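Let me begin by presenting the structure, written as structure tokens, before commenting on it.
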Amino acid sequence: MAHYKMLDGNCAAVEAIKMAKVKVVSAYPITPQSTIAEKLSEICENGELEAKYIRVESEHSAMSCAIGAQLTGVRTATATASVGLALMHEVVNVASGCRVPIVMPVVNRSLASPWSLWCDHQDSMAERDSGWLQLYCENVQDVYDTMIMAYRIAEDPRVLTPAMVCLDGFFLSHSMQKVMLPEQKEVDDFIGTYKVKNLHLDPSDPIVIDNLTGSNECTEMKYQQAIGFKNAEDVMEEVFNEFSQKFGRTKAMIEGYNLEEAEALIVCIGSMAGTAKYVSDILRDQGKKVGVLKIVSFRPFPYKKLREIIGNTKKLAVIDRTTGFGGQGAPLWLEVKSALKSDVLVKNYIAGLAGRDVNIETIKNVYTDILEGNDSDDPIWIDCGENVMNIREVLLND
Amino acid sequence: MKRLKFYGLGGQGVVTAGKVLSGAVSIHENKYAITVPAYGHERRGAPVFTDIIVDEKPILVNCFVYEPDVIVVMDDTIIEKGVDISKGKHEDSVLVLNTCSQGTATEYKNTYDFKTVYHVNATQVAMDHIGRGIPNSSILGALSKTGVVSIESVENALIEFFGKKAGEKNAQSARDSYEQTKAI
Amino acid sequence: MIDIKKESRGYIAHGVSACAGCGMELILRTVLNALGQDTTLVIPPGCSALFCGFGKETGLKVSTFQGNLENSAAYAAGIRAGYEVQGNNHSTVVAFAGDGGTLDIGLQSLSGMMERGDDVLYICYDNEAYMNTGIQGSSATPLGAWTTTTPTGKPVYKKDLLGIAMAHGIPYCASASVANIKDMTKKVEKAKSIQGPKLLHIHCPCPTGWGSAPSKSIEVSKKAVQTGAWVLYECEDGNIKLNNPPKELKAVQEYTKLQKRFSGINEEQLVALQMGITKNFERLMRMQAE
Amino acid sequence: MLNQQETVMNKQKRFKIQGPCAYEFDSGNTGSWRIERPQVDFETCVKCGTCATYCPANVITIEKDKEICVDIMWDYCKGCGICANECPKQCITMVEERCGK
Amino acid sequence: MAHYKMLDGNCAAVEAIKMAKVKVVSAYPITPQSTIAEKLSEICENGELEAKYIRVESEHSAMSCAIGAQLTGVRTATATASVGLALMHEVVNVASGCRVPIVMPVVNRSLASPWSLWCDHQDSMAERDSGWLQLYCENVQDVYDTMIMAYRIAEDPRVLTPAMVCLDGFFLSHSMQKVMLPEQKEVDDFIGTYKVKNLHLDPSDPIVIDNLTGSNECTEMKYQQAIGFKNAEDVMEEVFNEFSQKFGRTKAMIEGYNLEEAEALIVCIGSMAGTAKYVSDILRDQGKKVGVLKIVSFRPFPYKKLREIIGNTKKLAVIDRTTGFGGQGAPLWLEVKSALKSDVLVKNYIAGLAGRDVNIETIKNVYTDILEGNDSDDPIWIDCGENVMNIREVLLND
Amino acid sequence: MIDIKKESRGYIAHGVSACAGCGMELILRTVLNALGQDTTLVIPPGCSALFCGFGKETGLKVSTFQGNLENSAAYAAGIRAGYEVQGNNHSTVVAFAGDGGTLDIGLQSLSGMMERGDDVLYICYDNEAYMNTGIQGSSATPLGAWTTTTPTGKPVYKKDLLGIAMAHGIPYCASASVANIKDMTKKVEKAKSIQGPKLLHIHCPCPTGWGSAPSKSIEVSKKAVQTGAWVLYECEDGNIKLNNPPKELKAVQEYTKLQKRFSGINEEQLVALQMGITKNFERLMRMQAE
Amino acid sequence: MLNQQETVMNKQKRFKIQGPCAYEFDSGNTGSWRIERPQVDFETCVKCGTCATYCPANVITIEKDKEICVDIMWDYCKGCGICANECPKQCITMVEERCGK
Amino acid sequence: MKRLKFYGLGGQGVVTAGKVLSGAVSIHENKYAITVPAYGHERRGAPVFTDIIVDEKPILVNCFVYEPDVIVVMDDTIIEKGVDISKGKHEDSVLVLNTCSQGTATEYKNTYDFKTVYHVNATQVAMDHIGRGIPNSSILGALSKTGVVSIESVENALIEFFGKKAGEKNAQSARDSYEQTKAI
């Protein structure tokens, strides 16, 4: 019977991987993902999960092993974070181009440099064009649920696209919360056994995978991927519906909160969405008509749904947990802004970099600012210290 | 909603205490809790703290605790290490203190102007029951006095967390501590 | 399933666009003949990827994945694991990579594979430079040899792949050469029969990159063996055995003079090259004796 | 295991595949590259097979019983000359492919 | 004296590197960049360039060596393409975060999978948030000029940000064109010797570079980078002006062509801009009011200049040479669209993937389509074959 | 310029957050004492990065770059080149990396550096697992040892770093241990004096990861040497010399029993571990004899 | 070369640095970690320096002429006990740091 | 603007011919030219082609040539390799053909309906002057006949490209070929 268990985000991801009965695991430790690697190796060894654990020597090999194994026709698992994801970058694109629907938890952590151990979305956002689905989680229950649904979505023959399930480092990966876990059988019924009739390796049924492809066909193959993304929207709809019927928790590509007659909405991603909801409740109590849009699926980005869901709201505060250097705005803002008519004020806020807390004050400040409604071209860096150019003064030879 | 902040030293089981507490309220009291872990970079020795939020309904907020309702201090020397345990304290905040001396407790109460200080020699209690001076279970007993969680839930959560054998010793430690805890 | 448009003997099409006289072509044919159909290949970019073909056409009849340059061993390890968990222990999983893909950019994933003990046969055909991108120097380029990135001859010695493999204590590794097809075949068969990581390092004449006559590909390889520039040996469970070693080494010039890449070599480099070769040969003979 | 292939064949089906792959086994007309072609002196030939062993294109068949005992697939022979160079009897000569040029 | 020389794009880049007198070179060959690596190693060895060439074993090390060397206070060079750039991804972010102003030619080539040798912008676009300036070239002269200017811009103390100079694989890298080369002295005067008083290694003047940095300072350091990008706009303006004064060739972050009373503009990047200009000339002759906006600086993206330069034009056709999987549009479109009011029709076209030629017909079709003016949400894939889902049909075990 | 807030003896702050009894701390102090101020360090993530400090505070007085986990050797090679072209041939450029950063993810860049002959001193402190991320197994973890990713003991042998280095033919490489600080110092000094790539592989007791008492860090290292689990030797220009080898090896249990990581080792593993150790020691003794 | 440092010092200037770096050499109060502290029996001590050699924190000074011949910097000694374990004369004992606890 | 397409086999110097031509018009005639290289994947043996655009003013367009004004065929057997040299040919396109036989030239003219075919045995001319049958320089001599470039510029460009010694031989080869070229 479904039951509650106390889990942190990493353990919730492992729980989902276990219940998805992956057959090959290859992972390389990195803070704050490490406990995923550890836990997976433990359950592979103690038989809780009947799978082979490959103790790889780098993330590049972790992803390569996973691709190789999954090409033989089994579900595989790996997980990473930050510079580890960056080191995979090249092969991340191979998985998607070869339509290998790996589901990978990404425990979001800032990229070096500067060196930081803490959460922001720079790592996964840098992979946003790599042909992977990207789903972001709000809380630990969400991590489990999203992982489970991701298998269904990624592996659907209409989609065949790998998926990153992104969870905020520490804020989710190391936060203990209670999680409703279904029975193994329910999961089996929901995601089914892995069997994809697409590119795969079988010596008794040989083909050659990923050879050189001419300019005359590459566009088409990439277009197929684009179709995969289009289809993913429908498939998500189906899977979300089925999930909510079976497991009782509602999911959506984009989730609205306190939308009624909202004057201003915060648009955000990941664990900060919870805090934003909390603050919007407080402000509603104070008579301020504010709400939250949580982007669950960043890839595909639900821009049509976004247009619908905002209704008549004319002020959007988009909080990016990454920088978007040199662009007009950061990644989430770009998507939101470009989806909407210019009668909507869409303002970009950069917050929560490298683990800086996005707290109640932060969110309140954003609401206050957006409600004031003055436009600004450049993103607003929240909580950025004064005297920002003078934080290092060094005595050096002249 | 109750916001708690635990302070302690590496090796005292600060993070574990937080986890057990959230299990106690979440699983055994049908409430909700989340831990918000602060993860430092140091290999060893740094003061450790962890934040916990407890509520009757699902918890939305996911950020550090800035205005704790309950402050749990697992080592009374921690203030000497540059930690300001009174940060964010408000009028109604209470303190749960592990100390061997009532005097220290009073000193804390006066210095920081706490309405109530719950104190117990949690290290000693732990030593008595589990043979090691790790006050994580025993401090939870003291915490029960504040009403954030019932002692029964703490006991159950400890047994769940540590397994039957070790868990029961820890539960006893919590119970004993609960009973020894004094409020001033 | 491979759809045969034009049949061939063996597992490779006859007409592939490897250069005339290419040693690598001969190697891959020999290897697949020895391994048979129940084989899965991982081929990184490099000249051997020519066999993977272009578009929907291929020159291979065995199941193949064209991987990246630096992770053939990791892909192979993953494939092996995938087969294993499905109960397939019979198929041979082979990485077939050039020297660049093996000794330079792919060394780490190979090392990982060897350390973990994955049941993979790794074959490095060594044409001693990055040929497919236009003859740039690799760590396998011999001292004194010209390449586009060693325009005055490479200043340092060739990296010792088998030395590295032996340091990993894998159950079987060996060198081979087109100079001796039988020996190569035997080694491939032996490697196939052994469980665990296996490595074959095969000297691969490349007329285009070496500036040798296409007709002399075998001759130049034989000279390599006779001069000790390439030593045929194997190491099974730590025991080294030289395969039919020359009684006496010929002077290295016998080998170098057939190749334009050595035409600019200076006296000093030549002496160093000869010295390195002699020392290496003696070292191996000594190790065999043990 | 591989012998199962035949039976398995029956259960094969066409699948629309997404992503890059190749499955048409074809051969380029590499015979057109030849500038010179190997000409075998069948008289001298001892049918030892050395030429066939070393031919990188694998296009030589030794037909012990036939007059043309060394059969070369001209569609693919690249004219590299290895066979000629390696023949222990030196009974292969490389001759210009196209006369008059 | 300045003189003409026949050069392909790769040699033009090498010429610039040579005249910038870099001191350490580390490069790894990859099609179509290889001749850069070859040529650099040649001139290091023959003394034309007094520099040390490090024959690295991978692109990851190529970038690492360059960073290490430049941190000692010398100008360095490396160059790459496609999967090579992807393999550098992790350390690309280190260069920018440590404010090491390396100038790197990127010879644009598609990313695997599928394997392709040919040009598109997937490789560099995947680095668009990595904190590097990105300048794209139209022709071979442009490659030389842009490289030279890039040193000035990147190394400016107000900027201190590394720069990618992107040239289309084959279309520029291997295209012979005549190039006006200045005298060495002119270049010396223009870019100066390298001397940056920022992070550097010196045993007699030690500091510790790139240690772990807390959440309390990371935002600030990243904001410094953002300031670098802001400043880069001004610095570019200065450098472009000075360049045109000294060398007689006009440059701009965004370049307009046939703008007068334009009804529709193509917005594009790289070598296709030339073809677009050519076609717009033809169409102008036919009375169609069309023009071209060439984006030279993609990072920083000159969104304010864009707003100015389009004037009253109400139709923009943005051609992306990359996919932007799962987003509403591809990278260039996102920037353009989000910069403009919604009374401007901004339509996205995907073209030229993996070397597919963007030819006169292609451009004409885009103009025809945009002039018709019907809106469409999703990007339009030009030249995408019919029957796109059926290009591979394989007989497989069922 | 380093701004001294609290002075220290040597080049490292006294109060750094390495665990009590950490061998790596002792190693880095010893190394820097031997090298002196004219040194540039490259330190990858891992426990040694603790010395780089946090924010504007540092525990090091020498010029240092904290690189990535996998490219210490490449950063060092670049720094060396940068110094060289500026005429600085005197400063010692040192990569100071853990076993994970060296034998696993950083092996390739190290191999490239060794092959090219870059004048860099590479030091690997080997605590035989990924300690900083929480005791995950590395290729340097010994057979039978528990780590979080080898929960029932590592099934394969430890990778042989010096074997790999020797296969690269570098001018100097050596093993060292905190068991013998003088020997370590001598080796660092010798390495510093030699031109070209040098590698030191230093056994590094880690009470946290090994489950040994902090007070026993030296004792456990000595036991490693006495049992042959760690052999002290050096290889100069291809000649191997064991440094004061034990006359007779003690049983490996003398070493393992001090560490919880071996507490779950089974009989079979223990036998294999002992066998590997004995074989390795004999092999080295033989190689020395040559 | 490094001796030049002194002269160079004169030409030093404060620079505003962008990007991550550290330059304040500071020391954590690791003495506070101690649960036990090494207590030396100065009578038995032979001043051999073994304890100093092996102390990972480098906090022991042998003062041959002083009564307290083994001087320990209590601010930093982590109480690891290596000195006690290695002392050949076993003249170091680890004692509880805080009494009453 | 003139658009040219060169066809040949690997090893004939097709790409070099294109490069020299663009040098000839760009540097020695004060015009402009760009080469648009088609780079195949095959190691060896594939038919090679290269596109060149020549103009009086700077060339904007950068794409392949689809409607060549001049088609240069460096090997008369190339059509047997599946290459359609007439692709995109228009009414005014001319052909420059390397062939040893006037008959072949006439055949080309008739089959593809060229207004003019310039032909020469460029391979033989090359053999005569440089001792190797690589017709890249000599075919440029023939090309000069079309007026796209002057023979003097070709000579100068060849000397520049190959250096004085080899360049002069190649220049002679081009001049000789220029003189032997016949138009039909």
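Should a chain be cited, it is by its letter among A, B, C, D, E, F, G and H, assigned in written order, with residues numbered from 1 in that chain.
One rule holds for everything that comes next: a residue touches a chain if its C-beta (ideal position, glycine included) is under 8 Å from a C-beta of that chain, and two chains touch if they have at least 3 such contacts.
Because the structure is predicted, anything quoted here is derived from the model rather than measured.
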Task: Would you kindly count the fewest steps from chain A to chain H, each step being a jump to a chain that touches the current one?
output: 2
Chain pair with more C-beta contacts, B-F versus E-F: E-F
Message: Taking each chain's centre as the mean of its CA atoms, which one is most distant from chain F?
response: H
Gap in Å, rounded to a whole number, between the CA centres of chain G and chain E: 53
Field: Interchain centroid distance [CA atoms averaged], chain D/chain F, Å
entry: 55
- prompt: If you average the Cα atoms of chain A and of chain F to get two centres, how far apart are those centres in Å?
  reply: 38
Query: Considering chain D alone, which of its residues make contact with at least two other chains?
result: 1-2, 8, 12, 15, 17-23, 28-30, 33, 78
- line: Residues in chain F with touches to at least two other chains are numbered 1-3, 17-18, 20, 22, 37-38, 49, 52-56, 58, 60-61, 66, 68, 70, 91, 104-105, 107-108, 111-112, 115-116, 139
Sites on chain B at which at least two other chains make contact: 41, 44-45
- line: Chains touch in the following pairs A-B, A-C, A-D, A-E, A-F, A-G, B-F, B-G, C-D, C-E, C-F, C-H, D-E, D-H, E-F, E-G, E-H, F-G
- request: Could you pull out which chain E residues touch chain D in their complex?
  value: 113-115, 389-390, 392-398
- request: Would you tell me which residues of chain G are touching chain B in their complex?
  value: 28-30, 32-33, 78, 100-101
Statement: chain C contacts chain H in the complex at 17-20, 22, 47, 50, 54, 132, 208
- prompt: What does chain G use to touch chain A in their complex?
  reply: 8, 11-21, 23
- request: Mind listing the chain F positions that touch chain A in their complex?
  value: 1, 3, 45, 49, 56, 66, 68-70, 104-105, 107, 130, 133-134, 136-137, 139, 148-152
